[in-house]
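I am attaching a structure below and will ask some questions about it afterwards.
Chain nomenclature is as follows: A, B, C and D, assigned in order of appearance, with residue numbering initiated at 1 for each chain independently.
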Amino acid sequence: MDYLFFIVMLPLLAGLVVGVIPGDRIGAIRGVTLGASWLTALLSLIAFCSFDPNGGLQFVTEWTWVESLGLKFYLAADGINIGIIFMGAVVAFAAVCCAGDVTHRIKEFYFLLNLMICGILGAFASMDLFFFYFFHELALVPTFIMIGVWGRGQNRNYATYKITLYLSFGALLALIGLIGVYVQTGAESFSIPDLMKAVEEKPITESAQQWIFPLLMFGFGILVSLWPFHTWAPLGYGAAPTATAMLHAGVLKKFGLYGLIRVAIPMAPVGAQGWLEVMAWLALANLLFCGLVAVRQKDLNLLIGNSSVAHMGFIFLGIASLNVIGLTGAVLVMIAHGLLAALAFGLSGHLYQQHRSLDMTRMGGLLRKMPLAGTALLMAMMAGCGLPGFANFAGEITIFFAAWSAGFQTITVIAAWSALVIGGLYMLRAIRNILHGPQGDDWDNASDAKPLVATAFGLLLAMLLVFGFAPNLLTKRINGEVEKIVRLAKPEGAAPEKVEVVRR
Amino acid sequence: MELAAWLIFLLPLISAVTIGIGAFRSKPISAGISIAAVVGSFILTFVMVANGSEFPDGQGPSPKVSWLRLDGLSVDIGLKIDGLSKLMLCVVTGVGSLIHIFSLGYMKEDRDFSRYFAFLSLFIFSMLGIVLADNFVMMFIFWELVGVSSYLLIGFWFDKPSAADAAKKAFMTNRVGDFGFLLGILMVWAAFGSVSFDVLEKEKATVLCGLAGFLIFCGAIGKSAQAPLHVWLPDAMEGPTPVSALIHAATMVAAGVYMLCRVFFLIEGTWAMEAIAWIGGITSLMAALMAVQQDDIKRILAYSTLSQLGYMVMVVGLGGETNSDYYKITNVAGTDAAMFHLTTHAFFKAMLFLGAGSVIYACHHEQDIWKMGGLRRRMPRTYWTFLIGTLALCGVPLFSGFFSKEAILTVAYKESMPLFLIAVAVAVLTTFYMTRLFLVAFCGEPRSKHAEHAKESPVVMTLPLLILAVPSVVAGYFNMHAPDPLILFASLIAVVFGALLANSIYRNATDDPLPVRLGFIARAMKARFWFDEIYQWFIDKVQERLAKLADIIDRWIIAGLLVRGAHGSTEFAGRVLRLAQTGNLQTYAFWFAAGLAAVLVFALS
Amino acid sequence: MMEPTLSHYLLVSGALFSIGLLGVIVRRNLLIIYMSLELMLNSANVALVAMSRFYGKLDGQVMVFFIITVAAAEVAVGLALIVALYRKRQTAEVEDLATMKL
Amino acid sequence: MGDQLKFVQLEMMVVALGLLVLIADLAMAPSRRRLLGYLSAAGLFVVFLLSFRDGYTALVNESTEAFFNSRYKVDGLALFFKRFFLIAGIFVLVFAVDFSERLRSGMAEYYSFIVFALSGMMFAASANDFSMLFVSIELITITFYILVSFQRHRLHSLEAGVKYLILGAVSSAFMIYGIALVFGVAGSLQFDDLHAQQSELIQSKVFLFGMLFLFAGLAFKISAFPFQVWAPDVYQGAPTPTTAFLAVGSKAAGFVLLIRLLVAAVPEVTAEWTSVLLVISALTILYGNLCALPQRNLKRLLAYSGIANAGYLLMGIVAQSEEGTVAILYYLAGYLFTVMAAFMIINLLTKEGEGEDISCLSGLSKRSPFLAFAMTLAAVSLAGIPPLAGFFGKFLLVKSVATEAFGNTCFFVLLAVAVFGVVVSIYYYFGIVRTIFWGRRKADEPTPPPVTIGLPVRIVLGCCVAAMLYLGLLPNKPVKWAETAAKVGVTSK
């Protein structure tokens, strides 16, 4: 039963249906989208549960697309992406639930939303590098348009351009890296398993790896707002409509990290040797620097944006430590942060809808005003500062262990400080300013989350808690795949003979 | 028995969840659930202790739940049940139950009654987690959870800015401690490849460098509010009084000491020991001094808690000789004395707090002792119980506090003379400020109409007091040892001296004469040696400026100079290049020729 | 009186070409520019004829015929165009032809 | 000899068609002349269909030795480009009919000249000899002089005509001088002979000198840096159908000749010049994209983007591999439909006289969703964003260069420039899309009425959109076609 195919195609179908519904039938449009995303989430849940941790690739859909280039439409799930797909589908559903704040050009919005969801799920589901990239772009374009048309704030144009250019640039760098991989493995195929096999037999020459890895690292890094290429993120998310921010910050952003784990590390391990140290330091910069920046923010969205940039640091650190624990932790945090970011942006969207500003200095006492949303926000913030019981903690502490054992002691120390203390600082300040204290001025007519939105929040929180209490659910799936990758990546495992390629 | 163990652990969680999910709509139901849960845990604990079921080391009550399993790092959720944890269980569930009941009355009018009980249950759950944890990571998990539940309870009245701030402060201070704790755990894991207490103990793992030990102790510094991270505890009194009694007197603050005893085998014999001992000693002395000049009844108790905790930490640090058949709780003099004092202290300090709560309740939430007085006749039950508590705390013979404090002094005397002297001094001061509190608050004439109209609290509140009075008196006997005459003498002198001094100063005093007599010293005491001011300065001047710097760099250098710069320069380049398009075809012809020439040069050279 | 060799012819044609190019670049009047262009074309013819003579191959000369024809066509079109322009603007100066720029 | 004419049957048909149009014009009533355009388009379509006849495609395997002793090649490459040009011609003709009321006079001539230019391109597709190359190029260029300056009542048109005339003449002068020099060294005008003796020729500076002159001439056609300055002015001034034809047709003609010359005939010279070509390609990309940034006039904008695209296409030459050629062919195919659609839409939106300012697109999404959709697709495809033709073309080009890059690291410079260029181009294409969907019109001016589109134009646009999507989404077959074409093209003799 190839669930993945349906998981990826359902949103597209919904998009087409939305396309033919007349624009004034808002109820129908919303209904279709909601139904489709719900179904997608359900399917992904089934797929997640019926996934066999040591069954290799599953739910495969494989069609040749361009045989002369070895391009295939190749969907498959393994331990790494099954969790992410599940998370993505759930976040997508939540995002659709929270999309109520869009009031004009509803039809176009929902069409793009469906397209974006399709792209996101496709990117993570496809095992063919070309489609991996293709779907990502497919998801990016709607993102840009949505921010441009339905965005908020006065500098949304600048934000739109900035995010567009940044992400395109990153994607293109990565594309060159990917092509490099294709060319250099000589596997004459873009499908990841084939490439892995090829690399296992004959690793890419060192000189080539020295080019490929940095290309992938910075290309993907830009997509994940690796310091100092991060400034697009807070700005873009600040300007994006709720659903878009939820989807991009939650899921689409993880594309780059996924690519690093999936392609960069196993394909160019030797190239990685020199760069992992750099990556670790940049990750630290993410954690510490962006954490400090977040402390200064007065606007809730900017705070969340910066904090989510900071959280990327954990994942980079996990990848940089390049051992089973670290990579597993990285995937763990990817999933956890996906849920968390979606939740946080959903909440900020709700607040923004109540009262057209997110200036925290003018808020306060909202826990009384809106107990549901308030509690959700409280828990989100707690999860954000890495409280046990939420999935984030499991991943973060795992990464600490990994980084320490990988020899990044200094970095780990500072990272732990930024995570525990600085992270706690801005999250608690936010709680203090938004939820606690006397009620802020002119918040009287604010109302609590509507059932639909509340369901979304509840769902995300529930997932966070479930994976927080039982991270094993994820790790036992992730572990096997990660071990494969690490086996490929470890220098003693894959040290290619030093060959200089000669041009013919 | 295994099921029982798990039930003890899980009942409070269940209650918290049920209240959270739905029961919160009805006050009585949620209170009922919560109390039932904690009492249930208490009874089960009692049963378990009664039929003395020890779980052989290595396997606690199965099934062990695997929380995280990776090669090299596997974390289980497993229970460790031995003498130590059993004793702690008794304290936590016992005191916990009574305080739940007390709260029933104290929080009666509060609109968030149900939320309060949910939080209490959550706290108990987390606390039990620490007590039962059989590995470092699990302990850290619940360590954090305890922190957050205390955050929630301190900030229970979150509309009150002071409460919200106090909660934030408490959490952050703890976080600083936990930072060290986490690093310590990392080091231990890196050194021995496991986080399970049993494994580590079997390997007789002793951390070679004291650093790891000290880092782990940092956790205790945070939780048990040792100097210099003690600042949060007094502010934590913003929370409801029962909470102060439960968390900030009896259980949570004791967690640090408990943890030290639990992992004593790791720190044993490293320089961390001295560090611990001295930090403990200094804390106890400092806190005692601060307590002398406080006027808020709860804060006085808070500082006394600090100094008592200092005692415990100090004695753990001192270690002392090991003699397994002589000591009942652990087989090391220091930890044994610490746990002993922890237990007795939990009872009488909780009782003191509840007494204070009852007083405050009666005086319509008046907390300044100088606005009380003459409560003796108005609320006799509270008066008598409070008296017992005071005597116990001062260490008057035959009261529980006497035995435990005497145990501590014994160890101190054997191990380190300077610390012994400090301990005695602290004993004097303790008697002094407690007498002061007692005289001012209960004796003499009422100094406010609140105090005049005060009347005895309802039975639901006084009952726990009476119940607690029993162990406060007798808890000392279960672990008493023949006292060393010299120590006995010293402590007696201390008590008498302190009491007389306070009596001479404060009998029928209407306001505090000390500031006049001592001047600067008194001001320093009152100002708690300006710790908060120093920290505030640090936060404003260093932390905030750092953040500001980062923000500026982010906004102006990266986003401004680099990004906008790149954008601008590209645009500019475009505008410049365009100038080649003059529109005049001869220029174009010239470009053509020139370009070709350039190409020729480039290609043929 | 020495026999002119190939290189002489080439020199001549090169000179013609350069003169033509120079004319195109510096002269202001469209017609003159156009003449200079013809000069450039014909310089190529000279070279070709000389070469084909040198090789004793006819290709070059054939090519020359092509070029002459093409040049004729170009002139026809070009002059028509210039005339049309003159009708509209009453000028044949190049400077006046810069309404489209940047 | 007579039977040998089968090699040029298509060209003959096209020429005949052109003449027919001229004659028919005499008979036609002025009111019905637009019909001529459609008829000739139909005629070209017939020719296009005929090009698929087995009888014709079989010629690919026949040697043209007997015919012009193989100065004229009918191979896969030629076939590909002939069809390419035919499609372009058909579209341009339909376009021209739609445009014809702005011509004021002589629309029949306009059609016929388009057809003649087309025939020139088709000859160029097969040219395998300098005389053939020169004549076909001149046939194209001279007809274009006329096509560009056809709106004699518009100064812009005339000015553009003159500029194109002079500069075009200069370039052809350089070209033939180059031919002369090459002939002087090689003693032959045939590509095949050059191929045979390239290794000796490469030693001679004079030969390289001549080749560079030649290259300059062709580079002028494809508007590559530093021979690109004419493009913006001419594109802007010329009647829009001409511009479209110029952008697609003569650029493609230039490329087919470059492929024949640099890739097929003298690969060793090309290898020698790798760095030159690399730098030229990079600079072309930069120049085009950077100058397009501040540009508000749509036709000029497209001219600059055309320059940039020439740069991307040159990457395929730089790669000097079959992959590279395939990429060029694929990219050109995509480019044809994209640019054609873009120019048609611009033409529909701008009225006589008023400039083609970008603001004329604003509110298009309201005025005509179909046009908005098509224009967006065109912009996105030009920007090289999936899932459209432009993306896959760029993907192939980048791939062909990347394949070489790991041996010769200065190729990475080219890749970097290409990436930078794409990002910059995304900036201004995105600007177009923005204007289409949420561009603000000034408050005072009334919102213009919905656009009316004739059926033929609608069909053509439909074809373009379909082709963009097809080439982007299902590249399997097109890639195969391109590969067959490229294979024959490269391994000639």
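Note that a contact is a pair of C-beta atoms (placed from the backbone, for glycine too) under 8 Å apart; a residue touches a chain by one contact, two chains touch by 3 or more.
Because the structure is a prediction, the values reported are computed rather than measured.
Visitor: Pick the chain whose C-alpha centre of mass, unweighted, sits closest to the average of all protein C-alpha coordinates shown.
Guide: So the chain sitting closest to the middle is A.
Visitor: If you tally contacting C-beta pairs, which comes out ahead, C-D or A-D? Let me know.
Guide: Here the pair linked by more C-beta pairs in contact is C-D.
Visitor: How many angstrom lie between the CA centroids of chain A and chain D, rounded to a whole number?
Guide: 42
Visitor: Measuring centre to centre with CA averages, how many angstrom lie between chain C and chain D?
Guide: Taking the average C-alpha coordinate of chain C and of chain D, the gap between them is 27 Å.
Visitor: Quick check: how many Å separate the C-alpha centres of chain B and chain C?
Guide: Result: the chain centres lie 97 Å from each other.
Visitor: Please report how many Å separate the Cα centroid of chain A from that of chain C, as a whole number.
Guide: Between these chains, centre-to-centre, one finds 65 Å.
Visitor: If I count partner chains per residue in chain B, which residues reach a count of at least 2?
Guide: Each of 578, 581, 583, 585, 589 in chain B touches at least two other chains.
Visitor: Find every residue in chain C that makes contact with two or more other chains and list them.
Guide: Chain C, residues with two or more chain partners: 21, 24, 33, 97, 99-101.
Visitor: Where does chain A touch two or more other chains at once, residue-wise?
Guide: Touching at least two other chains: none.
Visitor: Identify every two-chain combination in which the chains touch.
Guide: Inter-chain contacts occur between A-B, A-D, B-C, B-D, C-D.
Visitor: For a test of understanding, state which residues of chain D touch chain C in their complex under the given definition.
Guide: For this pair, the touching residues of chain D are 130-131, 134-135, 138, 142, 145-146, 149, 152, 155-156, 158-163, 165-166, 169-170, 172-174, 176-177, 179-181, 183-184, 187-189, 232-233, 236-237.
Visitor: Going by the contact rule set out above, which residues of chain C touch chain B in the complex?
Guide: Residues 21, 24-26, 28, 33, 94-95, 97-102.
Visitor: Inside the complex, what are the residues of chain D that reach chain A?
Guide: 380, 385-387, 391, 395, 398-399, 402-409, 412, 415, 419, 422-423, 426-427, 430, 433-434, 437-438, 475-476, 479-480, 483
Visitor: Under the stated contact criterion, what part of chain B meets chain D in this complex?
Guide: For chain B paired with chain D, touching residues are 570-571, 573-575, 577-578, 580-581, 583, 585, 587-589, 591-592, 594-596, 598-600, 602-604.
Visitor: Which stretch or stretches of chain D touch chain B in the complex?
Guide: It is residues 162-163, 166-167, 170-171, 174, 205, 208-209, 212-213, 215-216, 220, 225-227, 229-230, 232-233, 273, 275-276, 279-280, 287, 290-295, 424 of chain D that touch chain B.
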